[in-house]
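These notes open a run of structures that come right after.
Each of the next two complexes has subunit A plus one other chain: subunit B in the first, subunit C in the second.
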Partner chain A sequence: MQRSQTSKTPKQPLQVHKHQTDLSAWQKGGRIDPEKSVQNHQSPNDQKNGSKPDSLEQALSFFEKLQDSVSLKKDHALQKHLTTVESIALQRGLPPEGFAILLNVALSGKFADTLNTHLLKSLVPASVIPENSVVSSVSWLCVGKCSGNVQLLFLKWLITMFDFIDHKEQIYALYGFFFSFLQDEKMCPYVCHLLYLLTRKENVKPFRIRRLLDLQAKMGMQSHLQALLSLYKIFCPELVTITLPGKVKTYFKNSEGPWKAAINAVRQRNKQNSPVPRLLFLGTVQLRSRKRKWNTQLIIPANSTNKNDLEEDREKNHVDLYRMNESFPVEQLQTFPQLLQNIHRLEFPSQMGSVLTNPLLLHYMNCIKDESVFLRLYYWMSQVLQEECTWCVADNYQHEEEFKDFLETVYKTECFLQEGFSSCEEFLYRSLPLWDGFSCRSQFLRLVSWIPLNSFSEMKSHLYDPLAQLFFTSSLYFKCSVLESLKELLCNWLNWHVIHLNSESGFQVHSLNTTLSGLVNTVAELVHFVGWISTVALRLENNTTFLLYFILDFYETVCDMYLGYNLPLLIMPPAGIFYPALLSMDSVSLNQLCYIMYRYRTNLVAAKENELSKQKILQFKFSRQTYQEYNQYVIAMVGCLWTSSVFQKDVHPRGLRMDDELLKKTAVQEFKTSFNIVYHPALMGYAVHFLQQAWPDDTTFNFSLIKGKKWNWYLEYLYAQGLKGLKVFIESSINRVSQASHSKAGSVKA
Partner chain B sequence: MESAEWGSRVLPSLGRLSRGPPFGRMQGQLGLSLSSHGLSPAPRSLANADPRRTAFLLHKQWTLYSVTPLYRFSSARLRAYARMLSAFIAAEKQKGLAVEVGVELDIKVAVSSLPDLRGTDQDQAAILVQLSLRSPISKKNSEDKLVWSGCFCSVFGDDLSEKIPPDFTCLPLFLTNGAESYTSIVGSWFQKNFDCSFRRLAISPLNLGWMAAMWTGCKMDILTSAIELVFSVPRLPQPLDISYAIHPEDAKALWDTIQKTPGEITQEEVDVFMDCLYAHFHRHFKIHLSATKLVKVSTAIASAHCDGIIKFLQSQYLTGVLMLLTELAICHIQ
Partner chain C sequence: MSVVQPFDKLPIPNSAACLLVGSDEGLQQRLAEALLLEKKSFKISIHLATSLPLPSERDHLRPRIDLIVFMIDIKSKYSLENVEASLAYVDASFFLGKVCFLVTGVGRVNSCSVEISAVWKLGEAYCSPVLFCELELEGIRVATAQRLLRMLQICAGHITGVSALSFGLLMRNSDDN
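For the complex of A and B:
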């Protein structure tokens, strides 16, 4: 169980030898490079754990510059750097960039064999070996400058490290070069072994078979030749007709050479330093941690389905290494044009979970309407979400960062697909009652915004009730975050509605068996819920502007649902939101409210016109109540901003109307005019500035000077200050018969 | 009549979501589908099943997992799967190191189908995976040593399988016996090839209570072994387990007074049963067991641990216990 590295670092992809496994190692050498992330993860470790990280760098740059023939015994600098390389290599392995440099030195033939041997023996990888370093070494080998011993040692090294090489495509291309080394009698067994690892079906050629048979005739029955021949026979039984002994105990001698112990030591060491296994010490966690190693891979690389292996035809008496059918391996899918060219022969990867990190496959998924695709993803994701949830499963809290990343990935995928996952929705409902509102907060709340619009009855008990509990008991910031994600949720639903409206004709039944009335009800339920929690939150938080901003932001979407999203629904904000916003001390909120009321007006007017113009009876129309509510609000606003009649005319039960007797008791002189665009507390600051600019000498702040022509100037001044909402509201809702004359509220007639 | 206790189980609300994907099943249907089978120790659908073929399950500890449906699994290719799995195991064991080529693989893999292990014809035949060590000297007559076995099965799991497209194979319950390292290798292989997910199937105290009550009510020819309930006391620096053993006849007498309708068990009855046992214990030891956590139930039928470990003891009740476990596994994956 001590094998895999960490759950965070992707496992080393299985690059096993073809006889051992599914004969598909070649598939995995594509451009996708999961090993890179291994490197990335490990380099900080190296830095941390390395005693002298700089000294290795120095040593490597020393070897890089090493030009002339030097003697190991005499050159102290060389000795020092060699010791550094050796000790670091044996302790924690060498970084990928070191291999090209050291192999270059060891195989160039310029230096003494002692040095070359020392270097080759210390070539132990910390993570991976870059393919090009191996390729350049092979070219050195072909030049034939290095001694036979070094050549042999290099081949042994290559065989041992075969699995550590990050890609192998170019090495496969060197097959012919390796094959030519067979003539060297000493190298022959090792070259055979290497060829055994490299051989693919396309490499099996009649001339190679003849060559092998010649060699066998010359050297006698050698197990290494037999091994290669039997592999050739597996690939092309029709070409290799000789009979070979059935079972051979060992084809190749153990060629692990001096590296095995070092590799194990390095691996052991890297594992100890990696973040996860420390959990193993925590006794009770052990069971879970062990589980994590195989069971939950949050990020899965995309691998092709092993179709040939899985559905291999038993009738064939040879293993078909080649993909005979036409499907395009997902590992090779790198670019969008590739996707377009191969879309007809693309197959989803063997594990659907891998699509999450693969935008091209997500595009493909968008095109494919196959239930099993979503079902596979559904099962995988719901298992991962349940198993990894840091607040639902005890002892999971150590993995919070990992889980956060995962939720983030899921969220991004949902944004990409513009669609919520039902597994994710279930996860939200299931885990919300247990959630502390703190862990993975932003990720969790963002996922809320992608709850699919397909259920009506259960939103209240599954989402609204538990969310409200958290909402009321949490900080201001949390409240704002919740409002923000509920706004996103509303927008997503509305967008979904618009898209489906366009794709299907008219007000028909939606694909998810949601009727328009069902949709209207669900949206109304959400808007009412937000209205309710906002009202309560404003009282709890003393009408904070910050909170008010998020609330009004939500209503900016609500007020435009009819025109913006073609949804026959308009809901006015409750009085508990409207009046605090109207009487806000902050011009931002007031301006926002003005804009919202203007949009409500535009929507209601459009609805009215639509209703009047169309002969047929519309399935949905706004109730009188909505118009009445709007009119009440607009009267209050006009009274408050324009006609200074707020205390008389507001007839809303929670409105601002007060008896004159009561107002007199406040001892405010001219209470009747104390609310308009000049005196409103949110705007008074502007009025002061305006006075200062218009009458720089007057220090009495005589607000009553703003009237008549000046009133208009003041209005222009306000608009110029960026109060666009106020502008559109006043221009639309106030009928200015003539300048400075009385204006009246332009309410919409119900 | 003796079989009645296995009858319908009116499930307590597990707080499960009844909605979800179109194939999600409703809580109500669950109870219904179970009662309609009228389970007996040897259900009629398995009347001709050979108990010897499932006997390997008895008297061993099995670790429980739930498995999501296997995608594109074909029971016609079991031999090929065995070959691939064996290569995979060899590769996993050697991972990262060049191996000696041509050495015989030391682990032998057998994948076989167990048609005897299922509830109805709708259930897929169970799949048995066995790993055995080849004997070091390749003597023909020396037996390979079984080191690990795993069994995918579904007993009356048709609620799940009915709603799933034919590309999927529903065998939601996975039992393993042997080293966890092999479980992990075999599990990974299945995950990679059939896009399924495994999760440890823990058994909640609530379900353990159910098992205690159900198994107490089973009539046995010889009632020898005591019913043992193990409770663990939470929040102590040292773990403290309380073992509560009850004579099976006493427990059965108690249960018989509680159970109202033979063949049906309700959550209320289970609660009453457990409360009676708690009250009795409190009278003697002044310890409220209700404040502790039920972690293990052992009866003559089977023993179950909350970590998801089970031991089957009676072959006649094997199907019944597996049915219950299948049901828990299905709940777990939906």
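For the complex of A and C:
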């Protein structure tokens, strides 16, 4: 219905096509229609050149009636009409109905090659090319009446104009015919290119793969054959087992031929005048630079599948049983209800990359859990990432920006599917050792958080080592972002574990045949790695609170692994983290540490109870050492916060234990009662405020006044200041015999 | 011919000296400028050389060198050979954490003529870290300058509790040992 506006002829005298809804359907697509708002007005130019369409019409009807072999030189009428067609075609493009006529003439073989070549060269569409004109010309091609040159030219034309063809359903059906042309040595490269554009999953058959391999054996490694084979491999990695070179500069020679200038001219013209054809141009792949491959492939091609009856579908609004086997074109999938209605007859687009930007298809992918779909996506992605591994290119800023966008898209997809991609993992392992820590920083670090669970040896050399080097030499902010993404990584692993624990009989996750002990080891290595780099970083950055926050944030996940994620693993933070946090000048860090120690206690107590009650046979139990370490830390903490006895009682080898002689030298009077919740450097500020409020007249800051009942008030005051971590720690870990100041440390005994 | 020594002179308080060795003087200059532009809490002196040994006649004017950065351009084989030849004029105790290799030109991997593995091997053989960067891009140049400054700070002993040697050990890949 929109066609009448798009074609350049005011009348449509020759042929009316039945599939005319597709443009409107596509227009409704919303995906690629920034031009929707442009009005569909007829351009003034069309009216100005009103005489021309008439002459074109005459020319077309002349060619339609052209019967016998005529000489171009002698027949003046022919010359005149040919000139008309050529000039109009190159300026404004031909209307859809002209193609059948002209192709018919050019490929029938009745006329001289000069005429045929001229005609083919002038076949530039103004809007679309009707499918049946192409089909009939393919039948001419099969008859084989035209010369080799004309055949080649036609193929080049078809490749260039591929995206202008209005439907491709019937052309797809001709796949076998095109395939048979492969044996012609001259045509082979172009046929390969055409097949590359046409191939869909169902076209990939073992016999075709064999045929291609035979051809390759005969003709040597040809880039066009490789292209087709690699596409086959994308669709069916299980069938194409040969390895193909990953890095191929150009698969196909530039086959744009003589039409490029004309297409551009027509495009320019259409840009100014009519909105609809421009939509078509947005879908043409050939016109884009190849460098932008990753982003172009994110767009679902216009006619990726064969059905175009969306309108009908909407009207019927129910599932047609007799059409069960037909597939629903993914480019028309716009709403969630549509997805639900058509979920049984969806087919993934040939460009797997376009799935990344389509949430509906991602939903679909998530729900069908088809291994081969993931394989196709991985294969495509690893190809793109391998080719474009250069994240920074010295002379192309634009390139980096686009690459960033692509990585961002991949990350979002991973978040959506809650699944790390192995192709991304490979990319990271390849890139991290060469990375400067600056370009695409946030994208790289975000992708790190989705690295799938793996055996440690690989992670160590590929991830941890290069990351550690960058970490130690880079800025504080870089350190914090690394810690943040490692925390995300840990969370993703733990979530993965929980989900698979709950659905043990569920589907097998690709390439991860992890046992529980393997998982525990891998997680433990990650936690140890973070513990190690954090200890060093605190040293390098002089115990900055900012850094400490990120480190403790990581341990907030670690301390809850047993209860929160059902993983039989608890790892205490190393002393290099514990003591800086305990003696921090900042109440935030101390509060965080208190909360973490409280969670450790809860987890350990729960583990102990499970162990004692023997409700189930435990495969794992926490070692004595973990309990011991916890107890040492708790003694130090209680000493620091409550009993002022940390210098006497801390038994940790790297702890605060000091001889009384040494303490006397500090000239602090009453050192045995001077290091607790009142005097702690992180809390002293609170104590001062408390004193000011409790004894407004006293200006001596006599901290020893805070005792007995006042001590409890002081505690309430601290809790009211938001130190919730301190509250839960004190309430859980300190046994208060009475409400008096007398108190006693309590700890979990191993 | 004199060999660069790490401990032959007394250190100057609150200052650090860095020696950049590389065949591409233009890039060297730009890196040095980036190093000088960075905010820092100590005085820095940067010495540029296309190759070692350093001329001995001006030796008494030079401060103690805290860090030697060997710059290898990934696009030129010569730069690698030049660095390999210069390494002979560095005292062995320098390799206890006071040397690093800076590979430049990562942004033009397509015109790469030095094999990355050769650089890795060099780093392993001399127990020194290898950093990668693209000095032609300003952002990366600044980031690289910051990284080098942190290393220089450690090598000059300005960070309590971390020596050049211990830092060098941290920077080594764990499977080397």
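Observations, loosely collected:
Note that in this section the second predicted complex is superposed on the first by the 404 of 750 C-alpha atoms of A that agree within 3 Å, B and C clash if a C-alpha of one lies under 4 Å from a C-alpha of the other, contacts with A are read in each partner's own complex, and residues count from 1 in each chain.
We take it that contacts are C-beta pairs under 8 Å (C-beta built on N, C-alpha and C of every residue); 3 or more make two chains touch, one makes a residue touch a chain.
Computed from a prediction, not measured in an experiment: that's the story for all the values here.
Once the two complexes are laid over each other on the shared chain, residue contacts for A:Ser474 go to subunit C alone; subunit B is not touched. Of the two partner chains, subunit C is the only one that A:Ser439 touches; subunit B does not reach it.
Judged by the touch definition given at the top, the superposed model places A:Arg269 against neither subunit B nor subunit C. Of the two partner chains placed around the shared chain by superposition, subunit C is the only one that A:Asp465 touches, whereas subunit B remains out of contact.
More residues of subunit A lie in contact with B than with the other chain of the pair subunit B and subunit C. Of the two partner chains placed by the overlay, only subunit B lies in contact with A:Arg430; subunit C stays clear of it. When the shared chain is aligned, subunit C comes close enough to touch A:Val536, but subunit B does not. Across the interface of their complex, subunit A is touched by residues 105-110, 116, 129, 131-134, 136-137, 139-140, 143-144, 146-147, 150-151, 154, 159-162, 167, 170-171, 173-175 of subunit C. For subunit A in complex with subunit C, the residues that touch the partner chain are 389-390, 392-395, 433-439, 460-461, 464-465, 468-469, 472-475, 536, 539-540, 542.
Listed in rising order, the residues of subunit A touching subunit B in the complex are 1, 3, 12, 14, 16-17, 19-22, 159-164, 193, 196-197, 223, 227, 247-252, 254-256, 260, 263, 267, 287, 290-291, 293-295, 303, 305-306, 309-312, 314, 350-353, 371-372, 374-376, 378-380, 382-384, 386-387, 422-423, 425-426, 429-430, 455, 458, 462.
On the subunit B side of its complex with subunit A, the touching residues are 17, 19-21, 23, 68-69, 71-72, 74, 77, 79-81, 84, 87-88, 90-92, 94-104, 164-165, 167-168, 180-181, 183-185, 187-188, 191-193, 195-200, 307, 333-334.
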